[in-house]
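Should a chain be cited, it is by its letter among A, B, C, D and E, assigned in written order, with residues numbered from 1 in that chain.
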Amino acid sequence: MLIFSVFKTLTDQTVIVELKNDLLITGVLKSVDQFLNIRLDNIQISDEVRHPHMIAVKNCFIRGSVVRYVQIPADAVDTQLLEDATRRGSRFCYKRCPKFPD
Amino acid sequence: MDTSSAGIQEPFDLIRLSLNERVFVKLRGDRELTGVLHAYDGHMNLIMSAVEETIMVVEPVEGAPHSQGSVNYVKRKMEMLFVRGDGVILVSPPSRT
Amino acid sequence: MSSLQGYVDRERLMETLYVILSPVLYIDRVLVILQDGRVIVGTLAGYDQKSNVVLSDSKERVYSTDEPVEEIPLGLYLVKGDQIVLIGEIDSEKDASTDLSDVRAEPLPAIRY
Amino acid sequence: MDDDSTPPPPANDAPAPPPPALNSGSPTDFLKGVVGKRVVVRLTSGVDYRGVLSCLDGYMNIALEQTEEHVNGRVINRYGDAFIRGNNVLYISAAEAI
Amino acid sequence: MLPLSLLNAAQNKPMLVELKNGETFNGHLVNCDNFMNITLREVYQTNPDGDRFWKLKECYIRGSTIKYLRIPDSLLDSVKDEQTRAREAGRSARGSHVSGAGNRGRGGPAHRARGGQTRGGPTRGRGRGRGA
């Protein structure tokens, strides 16, 4: 949930999404869901000469499972806040991921 | 400092103790990252800053089998990065000794 | 009650018109990229929570470096959600203005986990 | 089309099996036995990680200490501590007597 | 329109199924469920390279291995017509406080589909997400 909330604070920011087929797509993050599926507007494929396949596409939906990285603007993120939320969240994670039976 | 005294009951404790530290991440696809860890979740999705990515690329040499191809490393720097957890193999905090 | 009924009829009329006209006017054409690298263009006729997708009047675009892009008509397609990489809304003017016959490119690489 | 006709539960009035001996028995007993010991963790990619098993969780995520990364039998990396994500793990084997 | 409604309506229709490993199956749909597990009859199976064929009387394919299905074009229009007719019937019947022609039994399509033969017409999903 934590990472999902981070992405929600990044809507309308410009991000670069790198897919597991090595496509790099730059665009404005319009929405994200719990599976981290992403909707981008005004997209721009890097190296459009090599990848002309999507010249006619302006807005797109990207499935979360095929994403490798998302490069986000550094100034859009408060790292201290992230760390505190993660530390608090990690107690939540104890409940979520199954314990090894001791 | 031996980790068991540092209160490692769960593997994720190792990651929690690495928050705001520079960590090494090994990813599928012969990729490695080093960067400062700011957030993670149960899927090992990560948010890191000041990241350097190293990709090991094996260029096939004529006649030589794939394993003997010439290896070179492609490096890339990224300021703030989300890494999807399903690609993560290993995370190593800075050595504590 | 009648104004509500009138509204409902207009709503239903618009929906039927949209359903009939969209394949003809190429509205709502989408471009779908699959995990094996395939590129399919079609009218988005339906989808669900798992992003399974129904594409009507679909055509597969096959790219090559030495021949023009080949468009293979495929008709009605039901694509499984976990096979989809990306669904792009096609800007029909931009698509019409790009001449596929002089496009040369490698096919898209498959997804590597 | 009524789907309440689940098969009747198997008769389980057989005597309960004898309590498992310490180190034979379920995989869980083995894993409990190797915590704190040197182990070899082989990943589905074929890479081996040798180190002291600090702890693991229900997803088979593993925390190792003094870790050596072995590829084709050669040590190519060392890590003070290492978190290994469970989905990559093929097996865990004891590298010293339990 | 829900992909599963289209698939349900395609019973006894010819279709092509390609699996994630590239194998293709041409046959008529016998039955399907909400996980997209399907059974086909009079099936021509082709291996990924397309150089070997097998003929099968009937086969069961797990939904999780399916890449896509190609269905006769005509089916889309017939399903849309059926849905509009069902909506019509629903609206005209609503005056007499009887819920529409769709399924009224206990539980949504997922509940009924398990192991049971779903009715030929499209199962009208009654709530969001009940189908999964």
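Note that in this section contacts are C-beta pairs under 8 Å (C-beta built on N, C-alpha and C of every residue); 3 or more make two chains touch, one makes a residue touch a chain.
The model shown is predicted, which means the values in this text are computed figures rather than measured ones.
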What is the minimum number of touch steps required to go from subunit C to subunit D? 2
Min route length, chain touch network, subunit A to subunit B, equals 1
I need the common contact partners of subunit D and subunit E, sorted by label. none
Could you work out which chain's C-alpha centre is the most distant one from the centre of subunit C? D
Using CA atoms only, can you tell me which chain is the most central one in this structure? A
Using mean CA coordinates as chain centres, what's the gap between subunit C and subunit E in Å? 21
Chain-centre distance (mean CA atoms) for subunit A and subunit E, in whole Å, is 34
Can you check how far apart subunit B and subunit E are, centre to centre, with Cα atoms defining each centre and the answer in Å? 44
Sequence positions of subunit C contacting 2 or more other chains: 82, 112-113
Can you list the subunit B residues in contact with two or more other chains? 10, 12, 29, 86-87
Multi-chain contacts only, two chains or more: what residues does subunit A have there? 20, 65, 97, 99
Subunit B partner, complex, touching residues on subunit C are 112-113
Across the complex, what residues on subunit B touch subunit D? 2-4, 8-15, 24, 44, 85-86, 88-97
Of all residues in subunit B, those that touch subunit A in their complex: 10, 12, 16, 19-20, 29, 36, 38-42, 45, 47, 49, 78-84, 86-87
Of subunit B, residues touching subunit C in the complex: 28-29, 86-87
Along subunit A, where are the residues that touch subunit D in the complex? 97-102
